[in-house]
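Attaching a single structure in structure tokens format; questions to follow.
Chains: A, B, C and D, in written order; residue numbering restarts at 1 for each.
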Amino acid sequence: MDIRSVMGIRFLITGGTFDKEYNELTGELFFKDTHLSEMLKLGRCRVKVEIRTLMMIDSLDMTEQDRIMIADHCNKAAEHKIIITHGTDTMADTARFLASRVSGKTIVLTGAMIPYKFGSSDGLFNLGSAMAFVQALPPGIYVAMNGKCFNWDNVRKNKKTGEFEEIELRQD
Amino acid sequence: MDIRSVMGIRFLITGGTFDKEYNELTGELFFKDTHLSEMLKLGRCRVKVEIRTLMMIDSLDMTEQDRIMIADHCNKAAEHKIIITHGTDTMADTARFLASRVSGKTIVLTGAMIPYKFGSSDGLFNLGSAMAFVQALPPGIYVAMNGKCFNWDNVRKNKKTGEFEEIELRQD
Amino acid sequence: MDIRSVMGIRFLITGGTFDKEYNELTGELFFKDTHLSEMLKLGRCRVKVEIRTLMMIDSLDMTEQDRIMIADHCNKAAEHKIIITHGTDTMADTARFLASRVSGKTIVLTGAMIPYKFGSSDGLFNLGSAMAFVQALPPGIYVAMNGKCFNWDNVRKNKKTGEFEEIELRQD
Amino acid sequence: MDIRSVMGIRFLITGGTFDKEYNELTGELFFKDTHLSEMLKLGRCRVKVEIRTLMMIDSLDMTEQDRIMIADHCNKAAEHKIIITHGTDTMADTARFLASRVSGKTIVLTGAMIPYKFGSSDGLFNLGSAMAFVQALPPGIYVAMNGKCFNWDNVRKNKKTGEFEEIELRQD
């Protein structure tokens, strides 16, 4: 890993299933705060990180304005390695958007199918894999889900299975 | 990621805190089966894996004979990418041992400070990061703990903090 | 405890927060199967029980027809001790309804504010207390929530706090 | 429930599996603080309680001196309803001891087979049932485990199954 990683990793929080909680008075799911610090502590993570919450929304509600703001934060960040937590429904869209606006940085988007607070979440596994991919991969925009890493231009969420897959299989 | 990763990842299980359980009749910790499949399922991991349990022991009890067997399995495996789950106490020793006997493969050792079954384990996070590092890194022997990846020749467990650290900081 | 308890306890399942799950494809909460057997196993419960699922609904959707069916099952059950799992919103209503139709049996209604599958549920605690109250109390209709046992004619859910309370404090 | 319950419930903590934790540096189980308040909060318990930690020990290490102290605390407590958390191995012995020294109060001993912190504990279920039995039963010394309530003079732990059982079946 190169010297730039000593600057640490910037986290940009946008919401998504990852951070949803259960409101016991209304019986509905809602956003309060991100659980990212708690998860990194549980993982005994010792990598230097900076966490910044940009929004707490369902990714289906994300607008172009929101994506412009995310891109701006990626460009302005001192760090060259950035992880974005994001709802899964439009994660691939945001990856594509960022590819047209940000370059020279390693950016990994990740999220979860089950809220972290619900006990049986994939979130901690995904977070571990995003942490590793962002450190190990060269500049580019990636999606880290299902234990895999996808390039921004070859990934989609399969709505039937809930899994991420390549649009076309390649041997690059 | 290169074409060799289509062969999938080989897991070699050796035990360690990762897989310890609580015996409610004796009040002692013990090994039964590995929880690896359950953890990969929880992480919705869709990477092709082969799992092989070699032993279920405390890493303080690991002998040279055991390490020779692990090295043999690494060399004979069809896969070029291998993850070894291992107790943390001698994980760095085994990494060093393998470096002298195995080459041309990406091998990542990982483990946990808290048993997976105990609810607040770092195991799922470490597994996610090991899955990512093994796919992304070039051939070599690595230790993946605390969200970091260490080269085999520059890692030790700090017995006081329970964390892995570099023996000497370098700018490689 | 009298001889009638050797007949065991009848569980009638009606749904409620207790048994809700998270649908990871739609992001919505839904009912699948009851988790009661799993919970009793976790509690190492050795009391003889019979479990019967009558419906799996939000208690706000419960109709008079549904309550008539519940009352019928209470009356026809061979057991003299019955626990009904129920959504909290109309639990007190159903208790009142049953009081007008069932007599000579100890019936305890219970539920949860957080789904059992969400990791931080009050469900297991409530289940333990319902199991105990139903064995120890004389015939009557009761609500067991918040570690307390309420008589059917003196209980309501406080919508603001989510807690059950007596309508008027008495010294009986 | 009679007027005396308005005084609330006194908890006496003695340790046992219930409150054991995992020391990630040594890999051993140990006692730190009791988790009782946390568990009552999880159960949304609204009963008035007073908690007093007397010792934090394995019940196999409990001496007659320890039991005399427990009995003294039972006798001196203002409350008429007392729950004692206790290791399971000698829980029945302590119940018998207390029966010879304390009278006029409802005392329920309970514990767990799996530590509360280990995710799959029976502790929360047992706590719920102890809370209910202590409120509902007349003065006497009881053991609440496995969803059942045993009189002090007719209970033992089956070392093979880990379950509590009556010494002889009776129809009282």
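In this text, a contact is a pair of C-beta atoms (placed from the backbone, for glycine too) under 8 Å apart; a residue touches a chain by one contact, two chains touch by 3 or more.
The shown structure was predicted, so the numbers you read here are calculated from the model rather than taken from an experiment.
Out of curiosity, which chains are bumping into both chain B and chain D?
Common contact partners of chain B and chain D, which must touch each of the two, are absent.
So chain A and chain B: same face meeting same face, with over half the numbers shared, or different?
Result for this pair: same.
Compute the centre of every chain as the mean of its C-alpha atoms, then state which one is farthest from the centre of chain A.
D
Once you find the CA centre of chain A and the CA centre of chain C, what distance in Å lies between them?
Using C-alpha averages as centres, the distance is 41 Å.
Hey, how far is the Cα centre of chain B from the one of chain C, in Å?
Between these chains, centre-to-centre, one finds 46 Å.
Using mean C-alpha positions as chain centres, tell me how far chain A is from chain B in Å, no decimals.
Whole-Å distance between the two chain centres: 25.
Name the residues of chain C that each touch 2 or more other chains.
Expected reply: 113, 120, 162.
Every touching chain pair, please?
Final set of chain pairs in contact is A-B, A-C, B-D, C-D.
If you look only at chain C, which of its residues touch chain A in the complex?
17, 20, 22, 24-25, 27, 29, 58, 113-115, 117-120, 159-160, 162
Contact residues on chain C for chain D in the complex?
These residues of chain C touch chain D: 1, 3, 6, 39-40, 42-47, 113, 120-122, 124-133, 135-137, 144-149, 162-164, 171-172.
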